[in-house]
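One chain, subunit A, links the two complexes that follow: it is found with subunit B in the first and with subunit C in the second.
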Partner chain A sequence: MFKNSTGYYFILPSVIILGFTSVYPALYSFILSFYNWNWGTQQDFVGLSNYFFLLGDKEFWIVIKNTFFFALCACSIEVTLGILIAIYIDRIKVGAGIIRSLLLIPLMISGIVVSLMSKMMLNKLFGVIPYLMKQIGFSSNFYGTKDTAMWTLIGVDTWWQTAFVFIIILAGLQSIPKEPIEAARIDGVSEWGIIKHIRLPMIRSLIFLVIIFRSIDTLKIFDLVWGATGGGPGLSTEVVQTFAYRTAYGFLQMSKAMTIIVIFSVVVGILTVFYNRMDRKLR
Partner chain B sequence: MSLFYKKYRHLISAYIVAGIAVLATILPIIWVGMLSLKSKGQTFTRPPKWLFEPNFKNYVSIWDNELFTNTFINSIIITVIAIILSISIALLAAFALKRYNIRFKGAFMQWLLIAYMLPEFLFIIPMYGIYQTLGFYDAHFGLALMYQVHVLPFSIWMLRSFLDEIPKDIDDAATMDGCNAFGTLYKIYLPLILPGITATAILNAIWIWNELTIALGLTFSNSQPITLGIASFRGYISIDWGGMTSGSIIAIIPMIIFALMAQKHIVKGLTLGSVKG
Partner chain C sequence: MNKLISLIISSLFVVTLPMANLFAMDWKKHSGEEITILMSEHPVLDGIREVLPAFEKDTGIKVNINALAEDVYFDRMEVALRSNKGLADVYFCPMDSTAFNQYLAGLIEPLDGYINDSNKTASDYDVKDFPDGFLQSARFPGGPGSNQYCLPVSFESYVLFYNKDHVNKYLGGKVPQTMDELIAAANTVKEASGGDVMGAVIRGKRTDTAIDTITGVVMNSWGDSSVDYPQNIWFDGGWDNPQIDNPAIIRGLSQYAALMSAGPEDIQAYDWNEAGTAMQQNLAAFFLDASLFGPWFESDGSPSQGNIGYTVIPPQSAGGQSYTAHWQWGIGMPANAANKDAAWYFMQYITNKQNEPIIGAKHGGAARMSTWDNPVYADTLNPEYVSATLESMKTTRSSVVMKEGWAKYALEIDDVIQRIYEGTSPEESAEIANKQFLKFNAQ
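And now, the complex of A and B:
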């Protein structure tokens, strides 16, 4: 290790750029959450009243509930499904490369494109899926009703992001040593027993990584919701980031929007730090 | 038959699962691709037309649509600026993290992770005002700069993990030959991690190309990227199905090519450099 100061010069540009793009706006948000700034008006210091207002705001709690509901459901479905698919595809030797490449495609597609694709395919009048469901006797209105819109989003997110779990878990399964598995097989342990007691525990740090990354990502969901439902119908699919966007850019209530996002950032920040700690322990 | 079944049971079930997963993944994309090749009259027929004569009218008209082609060009410009910025700066940082004993290294890495993970609107809402004062609002450079909050930490992790694969002895030998720090980086390390730099740049490009949230907050018309161009087909009064389908396909295809080029490194990318692909 070199101990002179040259290293600091090399790292300085990153510190400046990250300081400008992250610390500066984050502090700005934090400070202005104590003011009552609406775009274009004077800023007055109002202390914690934005926070008290939000905590007593029914709309805010609906949004929080929606966000966590979406994150919990989408994350658990994607992680379960992704691990299962990885376990099955891990057995395949012939054609594994092409299967892997095809399954990866959704990850390369922008959230807005995914949302528009789903809107076209699920459109009540023109979409292909409602048509096919009608043929077998079901009527459906995916994004159209308050009860179904959220589940439709969860389903679309599953289509979009399950490959994230699958590809990481598959790489993990293929990297663990073969000896303990062979030994267990000779001892007569069943295939699922080997998976449950040997292989999955061996990649537990990866499973943990996948769960944290997916939960942070689903909590932050924006483009998919903005493109597909815009938070509607009613408030049924409004999540924190679309709510903050609407408050700031729609109603120009900048301070209120910043307060929303500051509260939310604390949650995401805690999850991130928690991940960092656990990750170091598991290694 | 039953013996055959017993022997290959696990393999058969694996192929069934793989088949279902592959179909569920690609059928929607194929369907949208088919829609993009249908004429206006064929799009809404009931039952849907499964077989039809493809025509490229939607692609011709989207290419004549200046609003869309502008966003396409904007995306290319923004992607190039953001990648040059992030790779050059991240390379220096990754090099410093490998070679020098830097205080607060742990804090710096933690900062990278938190900046990368925090919700976009924490940064964008204040930047909406700050950018207008600085003249960065609705400018290619401004957007490329704001993308660094995500792209720069990612590039540092990736390049660092590529640098870590290079043995330290090479560095010592270069130093003994009288190379200074810059010389060691550009003459010794750079050629060795060039494949890693390419992979990092490609993965950055995929993220930037697909980004919508930050662009929505910090652009208005001049520098809107392709994601906002596609979103604009979803009008308030009517939906332009031809534009939406062909625009989606145009946005998807380069990303699939990029993904194939960087396929070896995708797992490393998705886990922020902590797993070798």
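And now, the complex of A and C:
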């Protein structure tokens, strides 16, 4: 009995620390979502009314739609592009290091810097890109209209985060044993066939991992949106995190902000379980 | 008998004079103490920096400045006020519903006790020199028995700026005299320049912080009808009666949307900084916003220096009266401040008659009436700017609404404009807002 429980004593400090830093804030937020707390003296128990209010709020659903649209588009483009670039870089013999280093530069920049940089470069009044486009006869309006702002954000996020996908997939591709590939070549399988039937299936778990990471990251997007558009024009780029932030700090409705995050965390949790099951099923 | 009375009066004077001095305020009382001021990077802070060495010398109080960019300032301010341990002794106070919410949460220190204490306040500190309307914005809960919570440090009214070159080139030098003329003129400039010049710029971004500019435009439509506080113009006599569908309000909001339409295609991405920059770069013909932009347009090196005209918001009819709203930054003391008495010394020092002109010259929105007559202040500003601002002060009313959670309502008012701009009829848009207001009330 004593022998079996020794291991638990060793992990007890970690459990306590993680419990305090992760479980306690999550639980506290969850409890607060049942109150009407204005970040001051008012703290009334309101049961599920924050949940009912949000689920019936049109604005909330627009924000949810925006968030998933952004996540779906950004994640799909980044994963596809990242895999394609990784396959390409894995195959070239000269200059791969230089290209790899260049590709990684955006990843080293913080989100808020990326957002401000893009805001300046794409600004219709002073931005270098609209200026150059005007010189060749194109008019542009990146963050300025409801039709273009979300796609601009997706584009900027793609520029920023594709390297993350690329670097992980490249590491995976480079760890694949050479023998099956050489055997396939001897059997006359085309390069596309090798990619489709050998390379990609062998790194499938890694691809799933990248999809999970990028999905969660894009669903949690905040800095890029906050810095570049602030959720506008109108509500066109408002996402869950900026909506929660505005609810908390702009309107001082702390409990409602917690409720938004609780609902959203449940959605992200379900998505993660779904991805894991998919991965297991495909194995 | 007369001699006796004179003798008694003289004796009383001789006896009480030293006593008065005995109880007079001692500026060195808190020498050696240290205070922290939490500020947004604002021209007011530039002025404070200028008078700070004199304050530290006169009082012996050391001042630490914690300055933040305006977009993060509001959040940090709330965090500082709500922390258990005081992070600041003085803070830059938005004198509107923000301060009211802070008052409701018990986060700010009432100031009447300091102002009325001759041991703490210099005898020449004249509170009545601030217009009563300015003080009322942070006098809570409102009505008799209220207490002052913040003191005004800068005031902005909403005025019209115009680019002289563009007005000369596209409008034959004729400055619009009515709101309808302004909208028509802005559209004329936009069309005649082939879109190269923005007809008008105004805050078009969806945000609750545009409410003061919006209120300025709507007040101009509201005219001389009474404005009842704490509801301001948005409710009719009580919180349960929103009146966004009032014809005067609908007209004002529609005029705001019409000015947006005369602006650039991406006007919905323009906040004050984008709109102000466009004006400062001579890219727009008209700009309707806070008077405080004036000194920036006239600053050395500014492309718009000397090329901007200033006037009140054009009235609804030719020869009519212009109306506007005002908003103020103030200075307040967090309830959790560690050194309250030293903090009060600082607050009265930077808002007194001697220092306000020096600080005011940096932002052009002095809150004391006497400062506008002070050459230290008035001579540093463009005379046209001074004239337009003073003219607007005659009919201005506060944009403040003392309601908890007002930001959400303010955003809904902005949404009315956004909807009108996007094609919804003004009446339908206002009706939606009325319903939303009632929904917010029920929450």
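Observations
One rule holds in what follows: the second predicted complex is superposed on the first by the 252 of 283 C-alpha atoms of A that agree within 3 Å, B and C clash if a C-alpha of one lies under 4 Å from a C-alpha of the other, contacts with A are read in each partner's own complex, and residues count from 1 in each chain.
One rule holds for everything that comes next: a residue touches a chain if its C-beta (ideal position, glycine included) is under 8 Å from a C-beta of that chain, and two chains touch if they have at least 3 such contacts.
In this text, all values refer to a predicted model and were calculated from it rather than measured experimentally.
In the superposed model, A:124 lies in contact with subunit C only, and not with subunit B. With both structures placed on the common chain, the touch criterion links A:218 to neither subunit B nor subunit C. Once chain A of one complex is fitted onto chain A of the other, the partner contacts of A:28 are limited to subunit B, with no touch recorded for subunit C.
By the document's definition of touching, of the two partners only subunit C reaches A:250; subunit B does not.
Of the two partner chains placed around the shared chain by superposition, subunit B is the only one that A:7 touches, whereas subunit C remains out of contact. Using the contact criterion defined above for the overlaid structures, shared-chain residue A:161 touches neither subunit B nor subunit C, since it reaches no partner.
Applying the stated contact rule after C-alpha superposition, one finds that A:237 touches neither subunit B nor subunit C.
Shared-chain residue A:206: touches subunit B; no touch with subunit C. Look at A:66: by the touch rule set out above, it reaches neither subunit B nor subunit C.
Counting the residues of subunit A that each partner touches, subunit B and subunit C differ, and the larger count belongs to B. In the superposition on chain A, the residues of subunit A contacting both subunit B and subunit C are 39, 125-126, 249.
Contact residues on subunit C toward subunit A in their complex (touch as defined above): 74-75, 78, 82, 101, 104-107, 204-208, 264-269, 271, 274, 277-278, 281, 283, 404-405, 407-408, 418, 422, 443.
Of all residues in subunit B, only 10-11, 13-15, 17-18, 21-22, 24-26, 28-29, 31-32, 35, 43-44, 46-48, 85, 89-90, 92-93, 95-97, 99-102, 108, 110-115, 117-130, 145-146, 148-149, 152-153, 156, 181, 206, 209-213, 216-217, 227-228, 230-231, 233-234, 239, 241, 244-245, 248, 251-252, 255-256, 258-260, 263, 266-267, 270-271, 274-277 touch subunit A in the complex they form.
Contact residues on subunit A toward subunit C in their complex (touch as defined above): 38-42, 53, 124-126, 141, 143-146, 149, 229-235, 249-253. Remark: subunit A residues 1-4, 6-8, 10-11, 13-15, 17-18, 20-22, 24-26, 28-29, 32, 39, 84-85, 88-92, 95, 99, 101-113, 116-121, 125-126, 128, 131, 159, 163-164, 167-168, 171-172, 175, 191, 206, 209, 213, 216, 219-220, 222-223, 226-227, 240-241, 244-245, 248-249, 254, 257-258, 261-262, 264-265, 268-269, 271-273, 275-276, 279 touch subunit B in the complex.
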